[in-house]
Amino acid sequence: MGQNYYESEDLADFPGITEYAKKQGNKFFDYYRASTSAGKLSEREKSLIALAVAMTQNCPYCIDAYTNKCLSLGIGEEEMMEAVHVGSAMMAGITLVHSTQMRKIIRKKAM
Amino acid sequence: MGQNYYESEDLADFPGITEYAKKQGNKFFDYYRASTSAGKLSEREKSLIALAVAMTQNCPYCIDAYTNKCLSLGIGEEEMMEAVHVGSAMMAGITLVHSTQMRKIIRKKAM
Amino acid sequence: MGQNYYESEDLADFPGITEYAKKQGNKFFDYYRASTSAGKLSEREKSLIALAVAMTQNCPYCIDAYTNKCLSLGIGEEEMMEAVHVGSAMMAGITLVHSTQMRKIIRKKAM
Amino acid sequence: MGQNYYESEDLADFPGITEYAKKQGNKFFDYYRASTSAGKLSEREKSLIALAVAMTQNCPYCIDAYTNKCLSLGIGEEEMMEAVHVGSAMMAGITLVHSTQMRKIIRKKAM
Amino acid sequence: MGQNYYESEDLADFPGITEYAKKQGNKFFDYYRASTSAGKLSEREKSLIALAVAMTQNCPYCIDAYTNKCLSLGIGEEEMMEAVHVGSAMMAGITLVHSTQMRKIIRKKAM
Amino acid sequence: MGQNYYESEDLADFPGITEYAKKQGNKFFDYYRASTSAGKLSEREKSLIALAVAMTQNCPYCIDAYTNKCLSLGIGEEEMMEAVHVGSAMMAGITLVHSTQMRKIIRKKAM
């Protein structure tokens, strides 16, 4: 029978990636922790940003991790969904704003 | 003064990429022509698909090439813009449909 | 046992995303329907574009939805596969056309 | 002389995209405004999310628009840069967490 | 019960995609083989590049294929993981280097 | 007159990004250097991987940086172009391998 590529249990193996490249793995987690823990921005703000990036990148592991992180911080489902809509509206907008390049060419040809 | 990375004149150099890797370059153009010229789908249909992919991938060279290709095939600006909106609506939808993974986790936690 | 992140049954929950953000959800579906239903382009043309975008974005939910949509519109498997090849040839082409930036630097150094 | 594909003045043409597809364009802006204006999340929170998504998607138009939006809301440069680091740490993390799939295969082979 | 979208057994169907579009499929495999087999670069070098691209693109099928390819070539797990870290460091760097566009705007406003 | 978003001189500002977020910036560069300098893989191998990732991600800054890095390491233009073709063949292949999901649905419907 076919095996499933995206198993939720693999998320638990994430810290284990240091096994094959200790130095780089440790430095990554160092950077990752400094970037996602509270600083000038709160942990709440950073977790909402991370959730939106996870969603726009279609990463199931990070959707799992940051949905749970947001819930543990007491962020409500309506707030989480609004963060997702910022991401999704941006994705549509990024495609559409590039159509100004198409419009410029069309206008030039029409002259 | 700073130099501009995205110059439209570079598009004219695209056929020239075979210079450094003749075999691979020729085989790519072979594949590319077979895929973008008329077959079961018409050149018109393929050019609209290519325009939408160019836009969702934010590739200025291809936006240029396929805007001009569409114009040369007599495709109107309203048709081209509708192709872009298919792409942009899909980009938003792809982000949003992944939020069903988030919803599944939220529901499980609420139980 | 590990849980599978990408379950086809989640696609059925897509309309349900309005639950947590009613206003944004409704406006999205309004935009999505206007963009993917027949207009200047036919539903057939738009579905082929959507299929190609779904494939280049690697979105299993949308590949499912638009494979079924295309089949229901009577689009043949050969036509659908040609739409996919437009997308895949574009993906290779977008990478390769950016090598003109590399070539420009190599030529400058060689002078 | 070569023309520049990414000109900042094209951003001003963004509202003009409704010209070629009025219905879809208006519905998009409707959705976009509902998603990026204050709701359960504040305008400040949404703008930081949008900035991070713009950056992870490498969209110069949106980097321009949301840098200016953040500045107009009184968001400081240190806060903006922290939002960017959330995005960039996520991008590295998304790549790395997928290496758990590679590890699973390596372990299976070693048995 | 829900069906799983990403099944490892689908990878075995990859050569079968020529079924619906023989000409394009054959030309693609022609190009693919010419690009991924030994040339000026060795098969080892190309497989490490392919593994890193598979990982940064989050493609489970290719992660599977190139993990196995690397193992069959005798590439060690530490080497493979280093290739992944090049990819992941690049992904973070690509996001961060775009923040120079944000910095330029902030500096201009401050003047 | 319109301003150009992608100026090559911005690349020189990359180290300057630590200005607004010192801790995160320093930790990123720490990780980046550990990942891109020689380890189990040589600097040559890592630079070819980085070039391919830069190209598949369409990042002009990194294409510039790694074209120059490769040249400084004595890597030839034919080798660099082969690395690009690995990336581009993978991009097409990643799209095409996802069509196995489409094929599975088509076969099921045909039964």
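Letters A, B, C, D, E and F name the chains as they come in the text, with residue numbers starting at 1 for each one.
Basically, a residue touches a chain if its C-beta (ideal position, glycine included) is under 8 Å from a C-beta of that chain, and two chains touch if they have at least 3 such contacts.
None of the values given here were measured: they were computed from a predicted structure.
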{"item": "Neighbouring chains common to chain C and chain F, by label", "value": "A, B, D, E"}
{"item": "Those chains which touch chain D and also touch chain A", "value": "B, C, E, F"}
{"item": "Same-site or different-site touching of chain B by its copy chain C, using the half cut", "value": "same"}
{"item": "Chain whose average C-alpha position is farthest from chain D's own", "value": "E"}
{"item": "Centre distance in Å when chain A and chain F are each reduced to the mean of their C-alpha atoms", "value": "19"}
{"item": "Chain centre separation (chain A, chain B; CA means) in Å", "value": "23"}
{"item": "Overlap residues in chain B, where contacts from two or more other chains coincide", "value": "4-6, 10, 17, 20-21, 24, 28, 31, 34-35, 39-40, 56-61, 64, 77-78, 80-82, 84-85, 87-89, 91-94, 96, 98-99, 101"}
{"item": "Pairwise touch network: line, ring, star, complete, or other", "value": "complete"}
{"item": "Chain B residues within the chain F interface of the complex", "value": "1-6, 17, 20-21, 24-25, 28, 31, 57-59"}
{"item": "Contact set on chain B toward chain E in their complex", "value": "21, 23-24, 27-28, 30-31, 34-35, 39-40"}
{"item": "Touching residues on chain D, where the partner in the complex is chain F", "value": "4, 6-10, 58, 60-61, 64, 77-78, 80-82, 84-85, 88-89, 92"}
{"item": "Chain D partner contacts - residues on chain E that touch it in the complex", "value": "51, 55-56, 58, 60, 63-64, 67-68, 71, 77, 80-81, 84-85, 87-89, 91-96, 98-99, 101-102, 105-106, 109"}
{"item": "Chain D partner contacts - residues on chain A that touch it in the complex", "value": "5, 10-11, 13-14, 16-17, 19-20, 28, 31-32, 34-36, 39-41, 45-46, 48-50, 52-54, 56-57, 59, 61-62, 76, 78-79, 82-83, 85-94, 96-101, 103-104"}
